[in-house]
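Please find the structures below.
Two complexes, one shared chain (subunit A), two partners (subunit B, subunit C).
Moving on, here comes the complex of A and B:
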């Protein structure tokens, strides 16, 4: 007792000091400042994507809270009496009417709606790009596997947040989106119809769905997102941030700027920049002009409709799948059971579920798939440059291609009308590309990665081309190369290039099936490889040609050619 | 000279040759710090300081611009005024935020120290921690007695498995069971075909060759659950040259003198099949481009739908108005498991 009170000898002199001391002695702020005040964060422009995601989420919370004060999620029927004259007297839901009121009768309401929608688009985009950065640099490797999984969950939650919000205005466009969700849901075997009736509270569209989506959108999903962000950031602090390899950087240190003042200033300032850019976009570019669409009605639909970008790939997949083949085959199977015939709509189920299952399963499991291939159990705090992991990079690019073809398919009708080509041909091409595009992208990007690695070797060994052409006494022209300095060379050579792991037979001389498969996969991953330049190789290349014949002055630089 | 076959299949000549002095280059440590302009030149430093202050001043101007837009541009029910106000509010906010943000970042990059600092990492889980934790957990388990008392453990397990079930069951009333509702629509014998959305009846003579009508059943606008009924009952009515229709056996009298009616709800995932290509007699769904051929009883000729659009049998009543002969003969709209 006496010893703990004995430490309270400090008496602050200024008023600020007194307030600070009052708080600090009650919450232990000094300890927090000691821990985080000078914590080091590595700096790289690709580390900003996660920040963008975090900041757009904050902006979503701010603008979304404003919108909730005016929005009414009721599907009761009303007649519009607001300021937008073309819709005066039109029968619509209260939800749609209140969305119009936010746009036309609340000052700044339209601005808030637009910044909320743009921020949502940017939120999903920044989460996705952040994940691509993590993937391509190998930041998901031990010890960060679980944080990768948390990131995958956040991506799914951000899609869910986006879709539930998109439907809230209850306009014609989003209503048709819900209609599609209903159709997809009903195609699920056995439970589909029940799921649809439970979600919509009866037959589509019912009077419940908007209120239910609203609760999901403003309460449940953001709460889980916040929880996940908390876990995500906790683990970032626990692991400390990864960094790119380079001079002075090792697997056991962190090189960068301290939180106070530099990193806090840069990251804090960046929040305002993200906010400012979103505000500028919301000021100048209309998004989702719901007054043009009209209230939801199951009969009309406008041509050229598209969902928000992040749902596009699923909508595109729905378009790509043929419902029929030839004259007499279709993908809806009528299956006879003892109690009657049931319908299995593979033309809806396959595109709605299969690509999503492939993409998300591969995404969630990737850290463990790669660890199994490399048999690498070490901790990695140094990132890979994407070119130095050619097969992973190629798989990533193949995945992006697969995704982007489906995404493009969501605009198949607009591609056809804008480029004056046949709608049917656009779809035939995209069907071809969704299968073969990823394969082609894999091959091309792996070759590009290897070529870039060879270029790095070239530069590490022989230096950069100076563009200076020298004529030697016997008439030969050579271009003088300039050796790179030690720092640059270290950056170009500081990577590992795993080799193919050949399966080893057990004591009976047999190779197990799993080992065989592993051997094949390892071969697929690492057969084509470029090793980093070694000091010996560099020394050998220095002793090359030219040095005997060139004049003394140029000897040094020519030797490096 | 690098071997040009590096990276080609079957080669691994680039592996460090045995006998090399070192397998990899030594880490040369952090490169020397390069001072910035503001570090060396007091004038540049002063200039950077003024730039930061100017950026913060721009933010103040942005905030004022917001207030001008908010208080001095009253909305007058025109889109132009709304756009102008939105632009002022947005640009005001943008300048207010960017001024602060760019100012702070500029400050950090030009005037705050840019020396990189090295900090060492710590083990995520030191072995000592693991041993301590293991001992604590064992003590907790021991003191709780859960290992020694299987009766308690097993009953708790059983209770914990059952206890959440009510939390699932309580969601049962989220919606009614489907029952037969998806297999019936408002159409019935003698129900008049009326225009969508006005609800005025249609005479056969109103429907000229080449025209198309969006149709709802008579009385739809008066029913309680209007949108749900409409989502099943909307119909497209078209008149073709009777020669161009090829009705299958049993469906010859489902139309009237070249007038035919088909469900407007796509059999794919339920969008309205709203586009009628008058020349080719194709119906196109704008959502996913399923295409149906009227001349083949709306058979699917392109796109993701698997089934033809259901046809509504129609005839004319005594006054010459088009009426349904019966409800649809199959469920309309997207497929569902119980459809069969």
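Moving on, here comes the complex of A and C:
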């Protein structure tokens, strides 16, 4: 930018030009446009989920601001006098009454509530899908490890934003959710009750929690999310966008459209598409009908009480955990401390914390775990097709299975009623699947990845089976294979396939423990391997008579025989 | 008093005392349970109704419930279940039971209203029980729907769901959706406790409160869903399923379309 001001000799002629130049010479806009306007973004449909997350967040900010105009986060008691008849005169908190007023007595309020809630569900869903895309294509590798971590933090923040928002209407459903949080907190040994009393300002539910969650929901969490989004996007610009390998697409370039004008137009249009889709859903489909649930009261719990989808897996884990094993073992231990006996309730702590700890730890550390296994310290700007990293893909699928079984367990009651099966049997099956499902999923998906790689190899070497059987002049029958074009073949063959690293002994001829472990893990990762097609193999395959007759010219020559 | 104290060690004294204790507790229980029993208006049945009902019962019900409705290994005795029970079970198609299972399923009704009335008359004649409620107690417009809503959430929603959409119970049993159930059948279900449902006696929920609950159920049934399609009123599960399948599906279709022209 300094160079543009130093050589500022341009004199505009039109009025618009003068105004523009006045601004530009003060804020350096042309420099920014020059720098970022030519930024290239590659096109692939899977690259757009991060954008969906960003746009839903903008929609959340706009609709949420509208809701704050009318929502009152007070837990003072009142009697509802609004226009929803079945709740008229019922004692409730001001927070719930104002949520009902937004739904029934404020013009456009119900639509705004619904678009805000639907956008929240889509926000977390698009964050999750975006992360899965990044994971399965290996986009977290150097230099993008820290950006992956920022993404993980954003996921946790979006869960926190969702949960604090879910609790604000102070209806029966959200109160039940808070009660579970309270229970989990109290299960933490020694400090649990103190934590709970600190959060709720006394015994649950107290009169503080809604106001506190409101501050977190509208101030702190969105502010941190915005900060993280800023860092996230800054790093995207810094690292440039990754791309799938293809002819002309290398590790040192980015092939795609520039931000100005093509990508900006596309992205701007896409914002309105997302907005439109959400508006259509919000206008036509009910979400969180708080008027059905009634005001929060600690005594009733309605059937079909579940958290929003993104917290469902924790709820599911709690449902899966057996209260007792056999008749006697109840996972509860009374531990004597100098100040008295404290309870250790593992039947709550294990399901509430252990799956989350496993999933989040693996997620945060994965870039370094994989880098340690591959010993690969190079920069990667080219993405993997999931099948070309079979073990990583299989671990990802195992993780998804683990998550989804717990997720399904959160709707065990609805599975039972809608598929006419016993609720108990559903739980038994899911308990089996939460342990063995990921293992089965790992084996099956690794096999599928390897099989797909073999198929790719086959197609690259011999072409596509056309199903056309030809009899040659000397009587032999062959099936004609149609060769794929060079662009397609490039995509099938241009990938790296790491091999098992055998630990090397040091000068004393000994292999250290870490090296031994690394050797084992490396074997686990890369033992089963389909080697990419080499140029040499490709050259020999062309001498193969199957492909010789496959081209158009050859077909003519067959016809002329 | 002397005579009494002299005989207090008589061999039969213990039995006499036990008999007295049983009589007292039994008498109190009988008095209490009649007080608790749903005292809905009784429909009057003629001797002819009982006669016809008896024939229908022998032909259709006795194979499981036994001759004289005294029960068998397959089904309980119906002595004292009352006319309301028959009207509910047969009137909603649950009886005769289609097949053995965790609980009797509702199905198309197998008898005419007249036949159901006659069977109810027969079963009512076997012993006192809840009667079929009269019209005046069922008029939903009389009830206070917000009081009914509170009672429903405290007493019913844990099985039937806050929007009366139904829910799961253990081992294949379930609380059905109440949507579309008639006022009379809702009332009868409360006073007789069919399947796994508890009995809500008049001491537990008064007839006026029952009327309020019916008023609430009919209000939410008639008003529809204020926010658009209700997705089954099943709560966050159907909402999550919807956004993942329909919402994200549409968005993915657009992403594919937006990026289809390059490369």
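Keep in mind that, in the parts below, the second predicted complex is superposed on the first by the 530 of 561 C-alpha atoms of A that agree within 3 Å, B and C clash if a C-alpha of one lies under 4 Å from a C-alpha of the other, contacts with A are read in each partner's own complex, and residues count from 1 in each chain.
Note that contacts are C-beta pairs under 8 Å (C-beta built on N, C-alpha and C of every residue); 3 or more make two chains touch, one makes a residue touch a chain.
On a predicted model such as this, the values are computed, not experimentally measured, just so you know.
In the superposition on chain A, A:277 makes contact with both subunit B and subunit C.
Of the two partner chains placed around the shared chain by superposition, neither subunit B nor subunit C is touched by A:218. Shared-chain residue A:187: touches subunit B; no touch with subunit C. Legend: residue contacts after superposition of the two complexes on their common chain; A:299 is shown touching both subunit B and subunit C. Of the two partner chains placed by superposition, only subunit C is touched by A:126; subunit B is not. Using the contact criterion defined above for the overlaid structures, shared-chain residue A:414 touches subunit C, although it does not reach subunit B. Looking at the shared chain after the overlay, A:104 reaches both subunit B and subunit C. Contacts of A:423 after superposition on the shared chain: both subunit B and subunit C are touched.
Shared-chain residue A:92: touches no atom of subunit B or subunit C. Residues 84-85, 103-104, 110, 114, 256-257, 266, 269-270, 273-274, 277, 283-284, 297, 299-305, 412-413, 423-424 of subunit A touch subunit B in one complex and subunit C in the other. By the touch criterion given at the top, residues 102, 145-146, 148-150, 153-154, 157-163, 165-172, 174-175, 216, 219-220, 223, 225-231, 233-244, 246-248, 250-252, 254-256, 258-260, 262-263 of subunit C touch subunit A in their complex.
Here subunit A touches subunit C in the complex through residues 43-49, 52, 84-90, 103-104, 110, 114, 118, 121-122, 125-126, 129, 172-173, 246, 256-257, 266, 269-270, 273-274, 277-278, 281, 283-289, 291-294, 297, 299-309, 312, 410-414, 416-417, 420-424, going by the rule given at the top.
Contact residues on subunit B toward subunit A in their complex (touch as defined above): 1-2, 6-10, 12, 14-17, 19-31, 70, 75, 77, 82, 85-91, 93-105, 107-109, 112-114, 116-121, 124, 171, 174-178, 181-182, 196-197, 214, 216, 225, 227-228, 230-232, 234, 264-266, 268-272, 274-275, 286-290, 300, 302-307, 333-340.
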